[in-house]
Structures are given as structure tokens and as C-alpha cells.
Amino acid sequence: MPRLKKKLRSSKIGLPPGALVHLGEIKTPAPLLSLIDFSPDSFAEHELLDLAALDALPRGPGVRWLNIHGVHDGALLSAIGERFGLHPLVIEDILNTDQRPKVDDFDDYLFIVVHIYDADRERLDVTTDQISLVIGRDFVLTFQERPTGTFAPIRQRLRAEKSPMRRVGSDYLAYSMLDSIVDSYFTVIERFSESAEDLEEEILNNPQTKTLQQIHELKRHVMRLRRTLWPLRETLTTLYHGQSDFFRPETLLYLRDVYDHTVHVLESLEDQRDLLTGLLDIYLTTVSNRVNVEVRLLTVVATLFMPATLISGIFGMNFHTMPWLDQPNGFWQTLALMAGVAISMTLVFWNRRLLR
Amino acid sequence: MPRLKKKLRSSKIGLPPGALVHLGEIKTPAPLLSLIDFSPDSFAEHELLDLAALDALPRGPGVRWLNIHGVHDGALLSAIGERFGLHPLVIEDILNTDQRPKVDDFDDYLFIVVHIYDADRERLDVTTDQISLVIGRDFVLTFQERPTGTFAPIRQRLRAEKSPMRRVGSDYLAYSMLDSIVDSYFTVIERFSESAEDLEEEILNNPQTKTLQQIHELKRHVMRLRRTLWPLRETLTTLYHGQSDFFRPETLLYLRDVYDHTVHVLESLEDQRDLLTGLLDIYLTTVSNRVNVEVRLLTVVATLFMPATLISGIFGMNFHTMPWLDQPNGFWQTLALMAGVAISMTLVFWNRRLLR
Amino acid sequence: MPRLKKKLRSSKIGLPPGALVHLGEIKTPAPLLSLIDFSPDSFAEHELLDLAALDALPRGPGVRWLNIHGVHDGALLSAIGERFGLHPLVIEDILNTDQRPKVDDFDDYLFIVVHIYDADRERLDVTTDQISLVIGRDFVLTFQERPTGTFAPIRQRLRAEKSPMRRVGSDYLAYSMLDSIVDSYFTVIERFSESAEDLEEEILNNPQTKTLQQIHELKRHVMRLRRTLWPLRETLTTLYHGQSDFFRPETLLYLRDVYDHTVHVLESLEDQRDLLTGLLDIYLTTVSNRVNVEVRLLTVVATLFMPATLISGIFGMNFHTMPWLDQPNGFWQTLALMAGVAISMTLVFWNRRLLR
Amino acid sequence: MPRLKKKLRSSKIGLPPGALVHLGEIKTPAPLLSLIDFSPDSFAEHELLDLAALDALPRGPGVRWLNIHGVHDGALLSAIGERFGLHPLVIEDILNTDQRPKVDDFDDYLFIVVHIYDADRERLDVTTDQISLVIGRDFVLTFQERPTGTFAPIRQRLRAEKSPMRRVGSDYLAYSMLDSIVDSYFTVIERFSESAEDLEEEILNNPQTKTLQQIHELKRHVMRLRRTLWPLRETLTTLYHGQSDFFRPETLLYLRDVYDHTVHVLESLEDQRDLLTGLLDIYLTTVSNRVNVEVRLLTVVATLFMPATLISGIFGMNFHTMPWLDQPNGFWQTLALMAGVAISMTLVFWNRRLLR
Amino acid sequence: MPRLKKKLRSSKIGLPPGALVHLGEIKTPAPLLSLIDFSPDSFAEHELLDLAALDALPRGPGVRWLNIHGVHDGALLSAIGERFGLHPLVIEDILNTDQRPKVDDFDDYLFIVVHIYDADRERLDVTTDQISLVIGRDFVLTFQERPTGTFAPIRQRLRAEKSPMRRVGSDYLAYSMLDSIVDSYFTVIERFSESAEDLEEEILNNPQTKTLQQIHELKRHVMRLRRTLWPLRETLTTLYHGQSDFFRPETLLYLRDVYDHTVHVLESLEDQRDLLTGLLDIYLTTVSNRVNVEVRLLTVVATLFMPATLISGIFGMNFHTMPWLDQPNGFWQTLALMAGVAISMTLVFWNRRLLR
């Protein structure tokens, strides 16, 4: 998928800058618009099929939240942008779903890009969805690549009769969204943690070259996630230090909380990087040790046969005068001698811990 | 336990932000409130069962110190918060016991989160307890997950008749607490140091794969502690540079001392990281060396048998005319020859240091 | 080629500073000048053979874009510099094609140095071309070492009747160029990515010492590219923070976009560095594992022959009284015994996973 | 000793902060006070037994320098502190001899903590002595753990009749002391350098596991020294940037010199760290190479015996019709054949560089 | 030589600070003074034997450049210092030839310390010469440890009749010198590059432990040079940001060029560090691979002899009834069987790539 993304990126070379071409995978067949208008006293929810339906709806007194699932339709996004007075570059950034997390302060609205992640435990794969937020004085636009259920609890709370949520402004709504998104990172961290434990167990029981590759892959996922979350930290610091006035002081305090969670996630990722580095080390030592011990064991066995073979060779010599040869149980004495030597050597090796 | 914590964290997804749900292990069956009121002239100490008992007590002229053991009862904490005018986010941070160290300056009080650690020498395990401090002009609230004895000496000093401790304000009391907490880190460092020495001894005497895992684990503990103490350093710098006026200039000087100790702890941790990295290196070399030397020894032994076996083979050939065969002591001469060759080779190997 | 460059650089020692000597490879036989004059209403394009031709052309009202292919002719560049009022140091920097990316703000014009890269998948080679931009109020000069097609799409758009491109000023034209250049980096990243995949496949199928060298070389290319792009990031930050007034506020917003792309490229490079470090690790383990397993297999085979050889030695001894010797099928019994022991050992080894 | 120190540190837990308890080793049986009063015209030197003797002495017009050897007597230091108006925290820092280098600016005096080091070449051990300086307008107090001779040259120069030293103020005196201390670090660096050379020689001649441990230990000493000198650099920068007015501008210039020397020491330490990292690498390769080459040699020898043993086995077979058996010198021919094969193989191995 | 230097440094312990003692190697038998006076209209050049000769010369209107070769004569330097009004610390820094690059701004003159390097390709050795520049309004003093030819081209250009060089001030003269010095670093980089290529070839053809040591040494040289050039970068930034007014704005532009070159050198050094790290890796793998493959080959050969030896042992058994024994060509059949088995095994090994 990263390869695909880059192909698309380079396929844009030659187009005029600002061209509204979707970069990334198309994850939803057709864009889906859902609108929520709410104020302390009113609440209305609509699923819209096109912008005409939006224009037909009356504008209430409270906050308007328009959520769009599916961001590959440049014409639609462009039309939405015109209705809410967005800069063409904002629309371009929404279309190109490999943006870094960032916050851009336009005079009339704030544009925030963040990501949500989903990790697959079995296949050690991480999928990314870009979520773009546009926060105005009395509206919030959210653009998602596909329905992920991230904002479902917020919708639920808004629907509740006399919900305190309905009394808040667009800034607190935006904060709730950021909070949901950052909280979802903990799930990814957990998945990573579980994968790491699976790998640890595999290393101790049945280490294979595949295991090594998997540890490396997981470590790279951890480091890439850490790298992509780093600018989010900056973004939140920017928001928190209140250079924009979209967040009221009482909401800023809550934003600080989101910042703390992000740092927490980053620290957990560093922890996991250390853990995986350690696993790599243990893997390499375990594998090399096992082969070493096996080769040692085989060498010990080979050494045990040496004296017996020599003795059989000695009594196979053709000297005319040799001891034991004409004794009736010389043969058995010799075998006993061989066994005796082998047993003594085994004991010596056992004591020197070469056989265990 | 880290896994448990994360589970709990992700289990909070979907709840409204600011929901007063305890995140972390419940370490005390029932919360315990202990109150100390002191001024230069008076001293009173009470164990309270509920907040009603607190409301019944008269408010003296001096400093009030309320300590709560057990932080899983959201309702109780919320009630305390209301009585002392705390922000809901403060209560939430007290409930969630995996906060990073931080200091938040509200206008009427200062909110500080720190941790104390306890390291177990045998099991290489580190347990963490969050301690939350709320410092007002004339009161100090301390929230601990369970009784750890960290503040016992402070209590002892306050109890002493005519103690100079009774003359100080809430800022010096808070400083004494921070000092106790940072001092307790030295115990953890000592434990780490002892574990490292145990491991070093084990490496030299009986290195095992388990030892490798233990070094890695200890190293990770050291690095995680270093990472979690780092923000404490920042926190203390923030306090020291006096952006808040809760600490009087004469107390700030003492705060600088706590800062110095924290940096000292951080440097010791870096030292231990270096030591453990070195141990890892020595372990790997020792193990690989031992196996190498053993395989070499076995190969030497095998090589010693080679010429004797060849000689026995030669005299086992069926040529009609062969020397020595008909000599009476040809057999013994041959054995002597074999022994002679083996001894010469042993001497050569000994001189080339292949046998020691 | 880097060696060649350095030779040239040291060959300049002893010359007065500011001497107009070309440093680097000569990539074009003769310099080629192409001129575009455009304004919202007019458009003219000329291929010029010398500066006299330039002087003969009338100066229109709009923006003049002069592109020069081939930068080894000091006299020509010097003459161009005089016509556009450039500082001698600017000419020197254009001549020396191993500059770092930078932006220099002269009062009347802005001087920007950037590079484009071309990576060869087969030979793991990266070639560099320096592009120097001089941005005046109403003119843009571009100096390239050879025709690379980087600006072809811009030319194409300008040629289109009623193109919006014709309405923009010299700042937007410069931005379009920087955008084209940074976009071209994605192609290099893709090439690196493909080379890395080739190497990964080679490691898993047929690892050789050559593969190791290639991974190292690719890694060095990645790190060198990262190092050379780092100052470009700074350069763009400098431009973006608008210390110069050559970029109008509305264009600055677009410049921010170019900055984001550059950071994106840098992060991809870090990702590839991690990937290659992992590949190195996997390579070393794979190779060492393969030899280890082979040596173990051979040792197992050798061990299997030991008991059979001993048995044959035992029945080759010359004792007068020995069992089986006079039995008619003693020989075959002995062979069966040998086979039996070998098969038993094989089974034991198979169970202990020494044979697979 | 580090372990001892920490024990002491944790043994202080529970004491009130600011308790005047000595932390560290007691290195001098009884404290020793030596006083020097000097001005351009006068000079007086006294060895004092207690503070009463100090009070009995008249105070001259010039600079008073009081040096104390032995810092474990809290009562004495406290009394000195009272006489010179020092803050209790200063006395506490003097008593606790594991402070980090620092400078504290009190209004009436400057408090500086530095360390001198002594490295033992044989035992790879570094001992540390804390030196505390209190610089007033017309006095300098120096507190040392034991007599180390660091200030002897300064004393010598002061004793000289008409010494220019007598004309300087307390700031230049303090500078001279810092200069002496930083100069003494060069001796430690030299010792490290010599130890490193000893280890290098050992590696090339007779590498042992002990050598590996020693390199690690030396490296840790180097890194610890670097870490403890780092804050000294900061301290000197703080002094140099003249936030305090204890140093006159003409002395500040000299202080810059001390700063330069400290940076020089830090760079040498980084150099030594690189050297030791390289030594570790060479050690590991040398050891592993030696064993590899030995095992190869032994395998070669074993292989040389193989064909001879086979030949002897062939002529030991009991076929009725076999060549050579009845020839008179068949035995010798066979031996010649064995030798011939062995010599040919030796030549082949020699050519393929397997025997050297 | 570094050891020698440190010896000297520690030999200074005990001397008063500022003592004019030469630290470093004496590289010139007797100091040599050469004077150039130039103005747009005049030019005079003198070789002086002592300062008296200097005093005898009339002072022209233009710039005076006094170059001194040999800096071990404290008395002479001190006398020069007095004539040009230099601070004693400047003289001390000129005498001690292991200063770090730095720039000190005295009110009447600027004091700059830089180094030139010379690398020996064969012996992997780097020699350092300190060059001290004192830049006044109308004079430049240069102090070199010995004649190195670094300034020869500048002298040459000044000698040329009507040279534009004669019209410049002392600041441009100083810039020309810094430019020459930084340009000379490219030669060192080239030498390093050549040494690295020599080592790379050696690794591929005939790797030895000596090669490993050489790579480490070269790497350390690269890192040390990088470390010593780092402060030069800072120094040039300080100069460039024009806190001093010794450089006129038009010269500052040129200084920026020198800065760019220095950064270029630093980046090349980082490149070489990466290359050498890769070489180390390749060396270790190559050596370990070669031994592994050889041991595998020998084990294969040993395994080939096993079945033949067993067969010979079987037909050497003394059973009364054995097949083939009485057949006329049984012996040859057996030999054919041995050869057959060996050839089959060889084919199997060849197919499994164990023999190549």
C-alpha cells in the first residue's frame, strides 16, 4: 500500500500545483454526507445524498456538524469548500490522504489533519485513515476516508435528550473528536503489545528466520507510528498555546489532556521499541546458542567413539604375538574395555557440563 | 500490569471525556482520610471515615493537610474536589493513575502529579504508585493509591512539640513531601544496582539464556524509569523558575535542591544503562567464547586419536611382508609408538595454547 | 563522480577567491538559452544562441523567464549576471555545482540553489543536477546543468491560450518550479524502494557478499540524500517565514505545501533507512544461520557413520574366540545391526530436530 | 564506593531536609583549617586548630583565604557558615560530597562546587574529591575532603615576596583555583590514555575475557567523567556570561580560558570513548578470529589423516585376490602412497591459505 | 604526538596561569618574520631577522601584514604583542598550539585561531598546524608553527603589479586567508577518501586484522576532524552575524561562502564515517564468512571419506562366510563401490551448494 501511494504521488508530477486529484486508495464507493444541527434546545440529524439536499435544509441557531465519508470526489469537496469558504489548498490536502498531522490557522476557520490507525495482530499490518477537521465559529466539518466508527459515541451522546453535549460550542465538539482519535491509539499500542508477546513466545519455543523478519517489521511499524505521531504532538502544542482563538480558555484545559495522552502514547511506543530491540538480541543469541550447543553435543558423541574405534583397530593388527587374542573371553574383555572408556569419558564430559 | 493498565485505558473509549472512572489497579479496599491541622501554636490529627466527619471539624488558623489513601472512589474524590474548589480535570487526573509527572497551575491552587517506585530485587519488578498533590494557600491535599509510608517522617516531625515544621507554610510542607519522594528514588537505584551486581556474578559463574533476558529486562526498567523521571525534571524546573507564586522565594531555594537530586538520580540511571549495556556485551562474548573453547578442546582430542588409529590400521593390513609383525614385542612397540605420537602432539598443542 | 568533484575542488586551491571557474562535470556541449516573456495578454517564446540575441529582443510588460542549460561557460554567466545586476558570488555559486541547497536574499533579487536527483535502479547510482533560481520582481532566471525536463510541464501550461498561469507573478512561477523539483524527489524515493525490494528478495533466495555491499551502498545513498535535503527544509522555512518580500502572502501559503512535501520525503527516507538496517540484520543472520545449519547437518551425517565403523572394527579384530564369526549369516546380521543403529540414531536426531 | 555512597544517601531518608549530616566517606581524621590573609603590602599564614583561634586573629585590609580540609564535621562547618553569613543549604551541600558541579549566586557571595579526580592506572579506578568554593567580595573559603595538593602552587606564589598574586582580588584568586582544578583533569585524561594503550597491547598479545571487562570499565569511567564534567561547562558558561558581578571584566577573560580547557577535556574524553569502542570491536574480532583459525587448522589436520586411514582399511580387507599384497615391498609402497596423498593435500591446503 | 601534547599540558600544572610557556612540538628551529606593506599604490616585502629590523622600517599608509613562522619563542611573541597592543592571553593562546578554533573580539582587534591539517595516505596519520590570525584595522598578524605554503598564493597575488588584491582592506585579506585554509581541508578529505578506497580493496582481496585496525583508525581520524571543525563552523557563524565591525558588509558576503565550504567539508566527513562503518561491517562479514565456508568445505571432505572407510572396515571383518571375498575381482568391485558412493555424495553436496 505504501508503494501504491507513492506511485500515485509520482503520477501527479506534471500536473499544475493545486490540481484537485485524489491521491491514495479509494476506500468508499460513493461519498456519504451526514449532517447534525444542534443547539441547547434543538437537535436534527440528516443523511444527505448530495449538496442540493444540504442547501434545501434551513440553518438553525446552533452548531452544524457535517461529516463526509469518502474523499475521492474532487468536485464534491470543491463544492463543499465553496459553500463554507475554504481555501483550495485545504481541499487539496483533504483529497491527498498522505498528509502529515498539522494545524493550519485561516482567519475564519481552523484546519486540522490527523490520522487513525488500525493494527492487525495476525498479519502485523497497520492501516491508516486520514481524518480532516475544519472548525469554524459555528460549524465543524469532518472528512473521513471511510466509516470507522470513531465518532459514533459522540453522535450517541448528542442524540441523548437534554445531553450536556448540546450546550457546548464547536470548539468542545472538536476537542471531543480529537480525544476520541487519540484514545483510539491505545488500541493500536495494545495490538502491538500483543504481537510482541506472541513473538516473544515464538522466540523461546520455536525461533525461525521468519520470526526475525516479523520482529523487524513490528519494530518498523512502531518507529513509523512514533514518527507520524510526533508532529501531532507539535500540532497539539500549537493549539494549546492558543495562538488561535477558536478554542475558548475552558476548552484549552481539556486540550492539554489530549496532549498528555499523546505524549503517553509516544512513550509507550519508545518502550515497545526498547522491548523489540531486546527481543532481536535474544533471538540472535538463542538461535546461535542452540546451534552451538547442538554442534558441541555432536562433537562430544563423535569423541566418545574415538577410543573404542582405536581399540578395535589395535586388536585387528596382524602381529604374531599379541596379548588376549587367544584367551577365551578376550573378545568380551575388549568390549568391556571399550565400554569402560566410553563411560568414563561420558562422566568426565557430564561433569564439565558438555552434555547438558 | 502494564497490559492491564492499557486494557483499562482502551476500555474507556466511547465514554464522554472527563468521565470519572478509575483507571488502574485498585490497591486499597476502602479509601482512608487522615487530617492534620497545624499552626505554630496548635496541632490536631484525625482519622476520618467520611466527608461528613471532615465537615464537622472546625477550621483552625494554620495549614490543613488532608491525606487520602485509595483513589478508586470517583464519588468521594468528586465531593472532596467540590469542597476545595478543584477543577473536574484535576479529579480525573487523580483517578487515572498512569499520568505523567506534571504541574498544573490553577489560579487558586497548584496541582502536582509525581510517582514513587518500588523495585523488587528478586523478581526484577518495578511497581509504581501515583501521588497527587494539591497545594493551596493554606492547605495541602495528598492522594495516594495505598499507604506507602513515604510521608511518615513528615508526620512524625509535625507531631513533635515545638517542631520548627509547625511554623512553616503550605509551600514548605509541599517541598518536604517532594523531597521525601525524590529521596525514595535512591532506594530504587540501589535495588537496580544490586540486581545488576547479582547478574554480573551470574554471568561470570553460570551464564544462561535466562540471564540475558534478565539483563534486558533490567535495562528496560532503567530506561523506562529514566523516561518517566525526565518530565519530573521539567516539572521542577517549571516550579523553580517561579511562574507560580505558591512557593515563597526562601522555599524556592530548597526546591532547587530537590531538582539537583532528581538530576543526580537521572545521571545514576544513565550510568546503570551503560553498565548493563556492557554486561550484555560481556555475556554474549562469554557464552560464545565458552562454546568455542569447548569445541576447540573436543576437536583437539579427536585429532589426538587420529595418528594412533592410522597406525593400528597400517598394522592391520594384510601384506605378506611387513616389518615388526613377527617380532615378539612388535605389538608393544607399536602401542608405544602410538602413545609417543599422541604425547608429542599433546605437547605441541599445549605449547600453542590449544589445550588451556 | 564524487571523487572527480573533489579533485576539481582541490584543483582550485591557489586561485583567488571568486575566480569564475566551473567546478563539476560538464554535462552539456554548449550552453542553450531559452526565453519566455508572458503577461496576462501576451506570450512569446524564443530559443537564443547568444546574449546579443537577447539584447535585440524588446522587453514586454510582464514576467521574463530566462532558462540556461549548461553552466560551465563562466564568461557567458558573467555577462548574464551583469545584465540582471547579479553579485559575482552568485555567478560563482552557479558555476560550482556542488553547492548545498540555500537561499540568499539580495535586495533586488532572491538566489535559490536546489538539486534534482536521478536514481538508477540497476546500478544503485544517484546522479545530481544543481538548479539555480534567481527571482526578481519581474523576472526569473533558471540555470540547469543539462536539459532534464523538470520544467517542461510549466512551459506547457504557459503556452496554453488563456492559461491562468499567465496571470501570476514571478513568485508563483518560482513556486511552481520548486513544487516540480520537490515532486521529482518522490520518483527517487520510489526507485530506492524498488531497489530495497530487489535486495530483500535476493537476501531470501540467494544471499551473497555482493548483496551486503549493495545494501550498505543503498543505505548510504539514502542517508546522503537525507543529509542533502535537510538544508532544503531549512531553506523553505526561511522562505516561508517571509523574511523576504518576494513572495506575496497568497503564494506563501502554497510554499508551505512544498515544505510539507519535503518533510514527507525526509520521513520516507528515514523509513527506508530503518528498512535497510533491518535488511542488513536479516542478511547477516540468514547467512550465518545457513552455514551453521549445514555444518550441523554434516556433523550429524559424520556421527551416523561412527557406530557402524566401530562395529566393523570390532568384527575385524583377530581374537581366536569371537561370536557370530562362524555363523553362516553372521555377516548379514552384522550389517543389519549397523543399519539398525544408524536408523535408530537417525530417528533420535530427527526427533531432536537436528536433521531439518 | 559508589554503592557506599548510595547507602548513605538512602540512609538519610526520614531525616528532615536540611539536616546537617555528612554523606560520603570520611577521608580525614580531623578537620584542618589554614588561613592566608594577603594584600599588596602584607602576607600572613596560619594553621588553626579551631574557630576560636580564627576569632582571635585580627582582620587585615586585603583578601582572606580560609581553606578547610575535612568536611564531615557538621558543627564546625555550621559555625564557619554563621561567621561568614552562609545559607544553611550551602553548608548542607558542602557536607554532602556527591553534589554535581554547580554555581549558586547568593547576593553576598558565590557558591561553586567542583570536583577533582584521581585515576589509578593499574586498578582502573577513579576517585573523586569534592571541592567547594565560597567567593565573597574580600574572602574566599575552600572546603576539601582531604589534602590533595591542588592549591599548593597558588599558596607558593602568594608566599613569594612582592608576588603579583598579592595584588589581585578574591575573584582572580578564585579563577586561579578553578584553573588549577581544570588543569588537573589533564592528568586523569593522560592516565586513561595510558590505560587504553596498556589494554590495546594486551589485546594484540594476549586477549582474555578480563581484558573485555577492563575495556568496558574504562569506557564507563570515561563516559561518567564526561557526564560529570558536562555541568561544569554549563557552570563556567553561567559565570562567564557575567550574571554575577563577583568577577571583574578583566578576570572574566581569564575565565573564558578555563572554559576552553574544560571543553578541550570533554573533547578528549569523546576521543577516548571512540578509541575504546574501536578496541572492543578489535577485541571481539581478534578472539573470534583466533578460535576460528585454530578450529580450521585442527580440521585440516584431521582431513589429512582421512585418506591414509582409508588406504590402510583397504589393504586390511580380506579379499583373496588383492594386488600388491604378495609383493616384497608392497607395504612400503603403500606407506609411500599414504605419505604422497598427505603431502599433496598439504600442498593444496597451503596454496589455498588454509594452513597459515 | 597527542600523548606528547598532553604530557606537556600536564607539565604546566603548578605554573601561574598566563605563564608564557610553549605547549606543543617545536617545528621550526628559529622564528622567521616576513613583512608585507601594501596599499593600492605601493608594495614592499621584507624578511626580518628580529624585531629591531621591524622597528627600523617606516610605516606606510596601507595594510601591514606580518607573518611569523615558529611560535615557541615566548619572549619574541610577547614583544610583538606589546608593539601591536595584544592582551597577554592572546600571546598565551598563540604559544599553546592545541587551542580549539575560536574567535575573540577585543576592541581594537579580532583574534582568530584555526588549524590546517595534513593527512598521510600511507601511514593514516593526520598532522595539525595551528594558525593564529590577529586582524586589526590596518594590519594582519599571522602566526604559523612552520612554513606550510598555505598563504603562498595570496603573497603571489599581492606581488602582481596593479593587483586588485592591493586595493582591499585588512578584512578582505583575512577572508582570503580563511578561504585558503578551508580550501586546504578538501585535500585532507581527498586523502581520507583514497585511504578508504585502499582499505576497501584490501578487504575484498586480502582482509587481515591489521585492516580492521586501520579502518578503526581512519574512522577515528574522520570523527576527530569533524569534532575539531565543528567549532570552526560556530566561529564563522559568529563572524558572519557581524557582532564585530572588523568585516565590512561586502566582505561578510564572502565570509558566508567560507562558511558554506566548511559545512560542505563537515558533510563529506559524515559521509566518510558512514562509508567506514559500512566497511567495518563488510570486513567482519567477509572474514567470518570465509572461515565458515572453509570449515564447511573441510567437513564435506571429511564426510566424503566416511562411507569408503566403513566399507573397507566391513570387508576387513573376519566372518567365515562373506560375499565377494573369493571372487577374483571382488577387490576392484569394492573399490568401485567406494568410488561410486563418494561420487554420488559429491553430486548431492554439489547440488545443495555445499561445495562451491
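The chains carry the letters A, B, C, D and E, assigned in the order they are written, with residues numbered from 1 in each.
Note that a contact is a pair of C-beta atoms (placed from the backbone, for glycine too) under 8 Å apart; a residue touches a chain by one contact, two chains touch by 3 or more.
Just so we're clear, the structure is a prediction, and the values are computed from it rather than from any experiment.
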Chains touching both chain C and chain D, listed by label: E
Common touching chains of chain D and chain B: none
Degree value of the rotation bringing chain A onto chain E, based on Cα positions, nearest 5: 145
Length of the line joining the C-alpha centres of chain C and chain E, rounded to whole Å: 27
For chain B paired with chain C, centre-to-centre distance based on mean C-alpha positions, whole Å: 44
Of all residues in chain B, the ones touching two or more other chains: 288, 295, 299, 302, 309, 313, 316-318, 322
Chain-level touch network, classified as line, ring, star, complete or other: ring
Chain order around the ring, beginning at chain D and proceeding next to chain E: D, E, C, A, B
Chain B - residues contacting chain D, complex: 152-153, 157, 165, 175-176, 179-180, 183-184, 186-187, 189-190, 193, 253-254, 256-257, 260, 263-264, 267-268, 270-271, 274-275, 278, 281-282, 285-286, 288-289, 292-293, 295-296, 299-300, 302-303, 306-307, 309-310, 313-314, 316-323, 354
Footprint of chain D on chain E - complex, ascending: 2-3, 6-7, 9-10, 12-18, 87, 89, 92, 98-100, 102, 104, 209, 212-213, 216-217, 219-220, 223-224, 227-228, 280, 284, 287-288, 291, 294-295, 298-299, 301-302, 305, 308-309, 312-313, 315-318, 322, 324-331, 334-335, 338
